[in-house]
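The data blocks that follow each hold one structure.
Look for chain A in each of the two complexes below; its partner is chain B in the first and chain C in the second.
After this line comes the complex of A and B, so read on.
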């Protein structure tokens, strides 16, 4: 998910980065906590909706993870449940594109996924932090098998078109050198006594030991190429066996080159709480979660239902919808209560009877722009040629990152890379404005700068630009702090007989955990209201 | 292929009559902000993402309104506001575009796709609406 804009404008993440760089990770964590980012997800185990709803009915709009969670739990609690879904499948943004699937984006372009069996692209969410315990619990309950998702692979690349002559740098080497140089600098000033006003005499010696250990410094507190640093950053020639097996340590990168390359910006993508190990992915694609939910509650879902109006009075809710396959064929569905998970980009255009405060909130949340492109290659050259097993390479090119599959390691045969993943910024819109074929063509061209093998090994690709997604018109709620202050509570409150849920009604937007926690909170409050009569 | 000339540099485009006959190349800006300057290129690389190549808009679960023959564009202040601040399904672009870029794209949309509003907006109008 989110990446930071590469320059301009201080996003929340830019701010964290700055705090992290100038004050260290403890200060960063403290800042994040006080801004509400790093708290635990708040999941308290399976929801208990105790008490008899006495046959009350609930109409759920949207069969993404928020809607599916509500459907599962409310039926369990004794409600009569019905779900209306725009797509012809369940899951919403929880979705995997596999060989044989077709996808038609707004504007009418249809792509057929030509991946080989077992290969897929997750156009939406693709990784699960270990602390998203609500989502993890549903995976457990629904029997969705997980495997580790590699966020950090020390042998993947950091790449800048403007540094090191465009030559990609191994994360292990860059990170070790960055750490080594900064440790050496800090050790220097500590030894000179220049920090004596903030470092006590007792701490001084221990701090120097720590810097030596952390930075791979020699006995003189110097960071320099040699056997010691090679043990961290890797070798030009790895140690081997038999004759001529002696290792050759590599040269280190100079401090100025490190700083000026700005490659250090990408290191935060591994340090942030939401990206820390262990991360997970479902075996076979993220879409397995929506599919598993649909096995449980699929019988409740009406597909191809395009909601056009949401009305309510003191007796119940009536929703008008159109059969998306037969435009003009209008139908209505009624229930005592409504859980609406429709993305705000769409809900803001629907005639919905709610108070002015909720109405304003619905119209106040822009959606992030994001583009993903999956590329199938004839062979897993990143493993065979470059020893990159999973993980992500980051670049300043418009493709922003290349992610290597976290599954089927060390096998022969084909593989699919995530060849582009933009998040906001100019390139996201620019890629969206292109035809799907053009996106793929450009992504392959850019990727070739990092992996020249692209040119020979590329077979086919598929792209999803979220602002052209017919069922979301954008990627995810992109709240500003001011917007949240003004509208968030109004968005989440129950309005008459309607309550909203989804990642947009959470403090972890764009994450599936946000959708689930929002849904559980909404139905918990709704249930209380129902029992009150 | 629509963007068949994208490898050609701008200087080549400017001096080659054949290239000039081609549609403008798709741009990928080097930073967070858009670098396209003309109304035409801004439209083709930004607005077109949602409002489509002929300003026809699109319909899914929700819709992107057509900009073609759109009477809401009559008052120049409205598209300026929408571009800067966004509304409903539309993203705000104020942080990603200069005043001059907003002027260029608003005037372009108001004089193309069947629209003929010739009272051009100015950089001052944009500045005032920020």
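After this line comes the complex of A and C, so read on.
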């Protein structure tokens, strides 16, 4: 007979069953949460804006995810809603560049995307953590189909121009060797009793077993090349079938080379809560989310509307804007209330009538710089030649990352790589300063050091340097702890008839979830204020 | 200007470029391989069986992946091919059970699969490693669409009935704490200089940096609850948007609890070469591969053919078989050559005329026991309630694993879990001994300890205990090192006019890649023999 479960397990199960049967699954889930099964999320399910706003009107500035969320929910709650958007499409930084699209950056350079049908670059957000349940819920409600985004691929590379003669290392081999060597070192001192002050006698033997398992150590707690380590780091010759099929394990990298290479720096990119499996991307490009929102609330949006002034008094809000297609043609829009999601980089340059505290907050948040470059290649050589299916290679070269597409795996035909993704740092500003053509040229040159196939297979590319985006003038709010302490609450408070929202008004800056949760919080508070009359 | 790449990188790039431009991409790839970029695989691309077999005929026994591969390639090479298959479908252990299917196991119990449209259980293989390039290439050639199989999901559970009061632990939290505590311990002795005999002075400081990064240690190399550790292990309250959105980090688990829980045993399941990201599954079920093969060579297959005798002389091979639908109706089939892929459990009970060495080998390989149980639930509670999207929870309960579907993420509606997957061990035999109904009942009971929602949401289930499969009498060849040394080559050698193939004749037992590579090796050698006359 299978082993009986222990009593405490049974009694908990019985408890849950009882709660479930008598009180329904919501109550059961609540009980589970209180017992520590589920973490508390910033998203509590679809917002309920109960109570009649009695014809109140709201003007929403910006049709990014924060503005779109506000538009969807406020109209649903009975408000008269209008949205002004500077860009000619909805979504904001939620955006996919596809073949035929054009993009004009500040400075006037216009790029035409020459990708083949079905290929795209997500210049802005490109991955969704599993715990961003606000965004996931909107995807579900809007019918946006998701597929896994591959963040960690053990067969992708870690690369440093200063280590291993510039030769890229497979993540699987490097990571195994790092774990192996450090486990061996720790096992050594544990065996000697040098940690007996912090590791009890009872724990010592089990800790040694754990290190052996974790580090792929042999029975003497040594990490060395052989069949066991190959089972984790891979082989020089893989096991096969039939005669002559015996595998050949490879050598291991020495501790000093592992440590001095600094490649371990990139390993955190796979362990962080924000980057852990399972991550997602919408099928067909991140832009599908903005597009799906626009299907619902597109009729509320006035595009190409560049806001120049935001005024308010105790009766309402009046916004002055220019038709970007007909410069000089100024118009105004008025409403009882205003949800302003304009990025602070731009809002700080607009004449807005708010108190000193919010005014100071608006000017206090620097924006991260970021550059992304998409490259189309004639064939998916990363899959065909190197068995890299999705995931990211990290490098110390200015391109920082090469990310392989998380879709259409194992197919023939062309593919688009993310050839460069910088985040702050001098390299971001350097790429931003270049012309689009120069960026592509450089990115292809750098990438060739990791993938020599670039030289033969490259076809075309497109780049977005976020500090040259007319619509955001930067990538995302880059709060310091100090800045947040001083200004964050002032930024989020309702000022008269105006409330701000967006990723910059959240604790999840640069993520779409931040924009959505900020928006839900803002409209929730605004609605309460409206009902108070 | 972006930083210039170092000379060695440039020169290698130039070299590849030169090779690529002058000699084409195959040569470039060869150069890369010789420089250590690519590992040597057991699969060298589509097999080339050059030379005319002059009308030679081959009888293939078994229409699993080994037999199907042989049929496809041998017919392509000009052979007259016939296949005998005991089962009523092609694919062998490559199989998906879907709604409406029935399955009768040894002992006579028949189960009808009651899954809803689109849901399935893969009783046999269910995941494809990225380095199984033989199988991947056949998927490509046969048009089998793949999607990622999620092996590691940081938000799935590690569970022990003997630890943490039976409360499941999130993998992300446990893994972070394990890395944190062990890194702290190692940093402690490194700082004290207690490892100066093996860690040089130059490496010491960098190793400390590495441990700090890897273990999420603070500036004093301490692992403790706070914002930093929460960035890896997750929060008690996630960061949110707007006011009151500050995150709350959770507590950490102490070293002793981590170690004594033994939950670290399951962490290797995510690090092994065979289980590393990126893994795949065919869209719609693993069975899609066998089905796609059958589209190509189905016309060659005689189903329901139970082989009872395999005879050979120097002119050819004669096989006696019974129509399983009409017991007692014996027939024979003859050919010049025979590729026999019948599992050794069954082949060892068949009268086969081969030499003593092969005969001994056929009897020398025990087969692993395995049981899988699929459970259909009314809703995808693991996603809706617990944010578990794909991946596997490991437990010390007899069910061993719960695997969440790697498809249709974030959708409403029903779902099928793998509720139990045993591999050898007493629990395998215990589940095998039960009736199908009893298996389901037990599996639901055990699973409820990890997911209390089972109690309310369970609808129906189906189970396959491989030792009760009439077609394999076990799950897969379970070689010992000793057995392999003595018998493996004897098993794979051509004996007269008979050659064996299958996962059991490979160094990748229990994997489809083993079956394919074994088959390709066998038919390659057979073809040479045929050409020799």
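Quick note on the criterion: the second predicted complex is superposed on the first by the 492 of 533 C-alpha atoms of A that agree within 3 Å, B and C clash if a C-alpha of one lies under 4 Å from a C-alpha of the other, contacts with A are read in each partner's own complex, and residues count from 1 in each chain.
The definition used in the following text is that a contact is a pair of C-beta atoms (placed from the backbone, for glycine too) under 8 Å apart; a residue touches a chain by one contact, two chains touch by 3 or more.
For clarity, every value in this text was computed on a predicted model and none was experimentally measured.
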Partner chain(s) touched by A:106 [first = chain B, second = chain C, both, neither]: first
First (chain B), second (chain C), both or neither touched by A:442: both
Partner chain in contact with A:334 - chain B first, chain C second, else both or neither: neither
Contacts of A:302 with chain B and chain C, given as first, second, both or neither: neither
First, second, both or neither for A:430, with chain B first and chain C second: both
Partner contacting more residues of chain A (chain B vs chain C): C
Which of chain B and chain C A:182 touches, first, second, both or neither: second
Touching partner for A:398 - first (chain B), second (chain C), both, neither: both
Touched partner set for A:242, first chain B, second chain C, both or neither: second
First, second, both or neither for A:385, with chain B first and chain C second: second
Chain C-contacting residues of chain A that also contact chain B: 5-6, 8-9, 398, 427, 430-431, 442
In the complex, chain A residues that touch chain B: 5-9, 86, 106-107, 306-307, 342-343, 345-346, 348-350, 363, 366-367, 369, 398, 424-427, 429-435, 437-438, 442, 465, 467-474, 478
Parts of chain B lying in touch with chain A, wherever the complex brings them together: 1-3, 6, 26-29, 31-35, 44-50, 52, 58-64, 86-92, 95-96
